[in-house]
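One chain, subunit A, appears in both complexes that follow, with subunit B as partner in the first and subunit C in the second.
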Partner chain A sequence: MTRQIRLGSVFNTLLKEYTIVIGIMVLVLITSIVEPRFMTSGNMINIMRQFGPLILVALGMTFVILAGFIDLSVTGQLFLVAVIVMKLIDPIGQIPAMLVGVAFGGLFGYFNSKVIIFSGALTQAEALFITYGLSTAYIGIGQMISNGKTMNMSIDLTSSYSMFQYVGLGFIGPFSISFVIFLVAIVILYFFQSKTYMGRSVMLTGGNKTAARIAGIPIYRSITIVYMICGIMTAIGAIVFMSRATTVTSAMSIGLETDVILAVVLGGTYLGGGRGSVLRTIIGALIVILISNCMNLLGITIFWQDITRGAILIIAIWLDAQKNN
Partner chain B sequence: MKLVNKKVIGVLLVFVMVIALAGCGDKTENATEVPEVGTVEGTETNTGGATEEATIAFICADMGNPSQAYASSLFEAYAKDYNLKAVIFNAAGDAQLEASSVQQAIAQGVAAIYVNPNDINAILPALQEAKDAGIIVGMFSSDVPVGSEDLRDFFVGVDDNQAGVEAANAFIANFPNGAKIVEVGGQAGHDAQIKRHGAFEPVISNSNIEVLGSQACDQWSTDQALAIMDDFIVKYGDQIEGVFCHWDGGLTGVIQALDAAGMDTKGMFLVGIDGSQSGVQQVKDGTQDLTIGQDFLAMSKKSLELTRDVLDGKTVTAQNFIPLMLVTPETIDDFTFPEW
Partner chain C sequence: MDKMNVKKILSVITNQRAVLAIVITLIVVAFNNNNFFTIYNMKTMLTTSSIYLIIGFGATIVLVAGGVDLSIGFNMSVSGVLAVYLMNNNVPISLAVLCALIFGGIVGAINGYIVVYQKTEPFIITLGMGISLLGLGRLITNARPIVAENKAFLNISNGMIFGERLNLIYFTIIMFAVVHYILRYTSFGRNLYAIGGDYEVAEYSGINVRANKFYAFVLSGVIAALGGVLLASKFGTGNANYGLTTGFVIYSAVVVGGTSFAGGIGSVPRSAIGLIFVYGVLQNAMNMLRVNSYTQMVMTGIIIATVIALDSYSRKRIREKV
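For the complex of A and B:
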């Protein structure tokens, strides 16, 4: 009897913990039966390419959420960094333009954190609205610089953009360049999160800000660092994005923040902060990519895809709340 | 820190109040101007025919869309040629914001508005308000739904239905013995996407061309078009002989996806709509076979010309379609390189 109760309890816990993963596995199974090409190497490469830009931004967002905040400005930051990089390729060259773009990402993150700290917005809800406002401003600046035009590498650049083509289309062994960038980033960020004092400070700040402050944790410095990491990762994501499409428009990143937050939450990082890991976000991002890949292969319309993504986000947050309650 | 915050908040509140008060003052002044400027009878006396400059507002659906940002710049640049002054509102892709932009333009006492609607049904109550205020209403690029024509004075734009038909006819002409193609749609639910797909589908389905798959995007986003094409390539592979993409920028993504998959774009038939820089360049490079172009310069000038005519008391044609440009490798030299 006790054994039966225990088994039932374990089953319930597993179901609660892995509802979405089970759901996605069912979707993957159906897709691979209905569309055998799903399991081909071509599709694996396809998934790897689509995985790159999303996971890079999601890794940065993971730190912001771990610290108990949120950053909706990734949409605007990504577009603005792409515009800046595009404008700099001709005058300073491809690699310096990429590096300056990454530096700008860090700068935008720094600016975001200072706005949040200065305005005393130390809750996630306040950060949400502030970063939403900042995103709008970044998009406006980007449009001002680009005159609202689509910037196309083959038209707007007089110099070579071969490095971007390499990032967008190239491979090192079996891995796409964006995947290699992700591998390097994950190693650095995992080390930072688990092995450094600042990484642990971020977790403590997200767990309980008051307790962290009393314990002598520099919470303002933690906030600055997480937003800077998010800005830098968004900038790297911007470079991968623009390398793939070879164009820059403000539409390039619309809706990105939803997918990024979805990836972090699906991965199992607690939306309230304090618990989670960059490694978990990998699973979350993979699920997000698989949802649209499977649905496109099954010929499901964009409306149903949007409904599914929205429903999955709600279920993930609900399960997250259940777990933490 | 808390004291500093309070001071900052206090200063900001005072600043907001000053702005709000100043804004209220302006609105009171403008509100009295509305009936004078707006009414058709009043326009001749108020604007003084061609001698007095009148203000017009372009309510842009989304400045993030390069074609609309370009159209906005054309209104600003050419308004003075018709003794008009243009102000631009950005609805940022939001139907509600677009309606309130119309109301704001009414409050500012403009003589005419041109609306590029995000949602042709949601904008109707705001157009009614503009008509009630006696303002000249022009629809730009997308017209009002059938039955609501009395809410606007004129429409200027291309026929998106015709663009869809032209695309279908291009495929039929290129593949007399039939072919298999895919369709990458524009922003799902957008008037242009609905019409381009709606007109393309019946013509192509009555031919011997098979549409293997059709998928719309969330936005007019190159990256989304690229991702959809990636998935089409996985699903249909070498069966794909042609691609119809609803906009040239999206076709740039399609070409990138085909390149990444090692497929020869020059051996395929690729059709886009817009006649934008990307499209024309791709036709020039030989990677795109046809772009069905919209002449925004002609559209903007025609809108301004019609407004001036209405202000001068002339009767104008209600529905004004600007001919589509068919840019192919053979005709490309007949067109000037677009500015957007």
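For the complex of A and C:
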């Protein structure tokens, strides 16, 4: 009798803990039965390719969320960095352009964090609005630089863009270049998060800002670092993105911020900050991509996909909050 | 000493920011354009901003109670789409409008339920709701604007009373009075200030905090839907994409007016000044000065960031004093 009850409650907790994961698994199962194309190697490569920019930005965002903040400016940053890199390829060459792009990403992150620290905007709500405003400004600046036109590597560049082609299509052994970049990033970021003093400071800042400050944790430096990581990762994501698309347009990053937040939250990082891990975000990003991949294969329209994405975001946060109450 | 002066100036700026911003803008425009201070332009300015003023009054209710509903932008556009869609399918105008308002209320109620009763942070929840609503709106319209076949519907916003096409301004004045009355002179409104000021103290004082905050969300949803119906009527079309940036910009405009992001502080007249600045004066001035649309975008972004930063800065000073 007691054993049955215990089994039942274990099942209940499992169901609660992994509601969304179970839901996604059902979706994947249905897709693989109904649609034989899902299990083909072509589709798997497709999934790995989509993995690139989303996971890179999501890894950066994980740190911002771990510190109890949020960064909606990734949308604007991704576009603006792509525009800057595009404009610099001709004058200074490919690799310097990429490096300058990454440096700009760090700079934008630094700027974001300074605005937030100076104004004392220590709640997620304020950070949300400030970074949204900055995102709009970044997109506007990008549009001003590019004159609002779509820039195409094969048309607008006079010099070669072979490095970008390599990043977009190349392989090292069995892995695509974007996958290798992701592997390097995850190793560095996981080491930073779990083994360094600053990484632990970030977690403590997210747990309780006031307590962390009183305990002598450098919370302002943590905030600067998380936003800079997010900016740099977004810049790398921008380079991977533009390498694959070989075009740069303001439409490239629309809706990115919600997909990224969705990936972080679905992975199981607590939106309020303090708990979670970059490793979890990998699963989250994979889920986000699987959702759209399955729905595409099942022939579900983009409208229903939007409705579902919003609903999943709401349910994920709702369940997370229930766990914490 | 120098630092004290800087702080003093910053505090004046933060407290009177909306009035200051309007005055500066007016001075800049006055030197550069003769067509700005004409009755015709004033009317245009008020009519274009009127719908956002109405929705902003609704946003004020939620913000005063310490919440945020970022889905109001898409709530607006989808309610308008719904009204037009129903009318095109032979539903009478009054019934279609009623359905749209109820729809807005339901959206507000879902937001309110998840935020208030399930104790979640409202920002990402309502952002998610916005995405779902955008999908729904595009699903109904097949991602194209739909034109209202019944031309009588256009009279709601564009009709002629007293010989002038000022219906939208009358609507705004009525909603101003109604929402101001609710917030100022009803116990519901006073409770919202208490809840926004300090949730726990309000709870211990015996206020039904949850129900009150929940109804704030519902009310704001209905008002957003009303704005959506008026917008659809003004253009004669329903378009799911109208609300893409509205949520963020309206809340920022309300904060420009002086309603605090932390809740408990603010009023409808203040919000009105902020909304008139952002949606009326600034927009109009930039068009008059022929600022191109990308620069306008940069300006809007910087204004949103600055306004929220200044609002938090004013609270940082209070925090540091204690």
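Basically, the second predicted complex is superposed on the first by the 325 of 325 C-alpha atoms of A that agree within 3 Å, B and C clash if a C-alpha of one lies under 4 Å from a C-alpha of the other, contacts with A are read in each partner's own complex, and residues count from 1 in each chain.
Note that contacts are C-beta pairs under 8 Å (C-beta built on N, C-alpha and C of every residue); 3 or more make two chains touch, one makes a residue touch a chain.
No experiment lies behind these values; they were computed from the predicted model shown.
With subunit A as the common reference, the superposed partners subunit B and subunit C clash. Contact with subunit C, but none with subunit B, is seen for A:G310 once the two complexes are overlaid on the shared chain. Between subunit B and subunit C, C contacts the larger number of subunit A residues.
Residue contacts after overlaying the shared chain place A:S277 against neither subunit B nor subunit C.
In the overlay built on the shared chain, the residue A:T249 is in contact with subunit B alone; subunit C does not reach it.
Look at A:A321: by the touch rule set out above, it reaches subunit C but stays clear of subunit B. Legend: residue contacts after superposition of the two complexes on their common chain; A:A121 is shown touching subunit C, with no touch to subunit B. Using the contact criterion defined above for the overlaid structures, shared-chain residue A:N208 touches neither subunit B nor subunit C, since it reaches no partner. Legend: residue contacts after superposition of the two complexes on their common chain; A:N46 is shown touching subunit B, with no touch to subunit C. Using the contact criterion defined above for the overlaid structures, shared-chain residue A:A137 touches subunit C, although it does not reach subunit B.
Touch criterion met: A:G148 reaches subunit B and subunit C at once. Among 21-29, 201-209 or 237-245, the region of subunit B with C-alpha atoms clashing against subunit C is 21-29. Shared contact residues of subunit A, touching subunit B in one structure and subunit C in the other: 118-120, 139, 143, 148, 255, 301-303, 306. Listing the residues of subunit C that touch subunit A in their complex gives 68, 114, 118-121, 123-125, 127-136, 138-139, 143, 245, 248, 251-252, 255, 261, 294-313, 315-316, 319. On subunit A, the positions that touch subunit C within their shared complex are 70, 76, 115-116, 118-126, 128-141, 143-144, 148, 255, 258, 261, 265, 271-272, 301-314, 317-318, 321-322, 325.
Across the complex, subunit B meets subunit A through its residues 1-2, 5, 8, 63-66, 68-70, 72-73, 188, 213, 215-223, 226-228, 230-235, 237, 249, 252-253, 256, 259-261, 276-278, 281, 285, 340.
Across the interface of their complex, subunit B is touched by residues 35, 37-38, 40, 42-43, 46, 49-50, 53, 118-120, 139, 143, 147-150, 152, 154-155, 168-169, 241, 244-247, 249-252, 254-255, 292-293, 296-297, 299, 301-303, 306 of subunit A.
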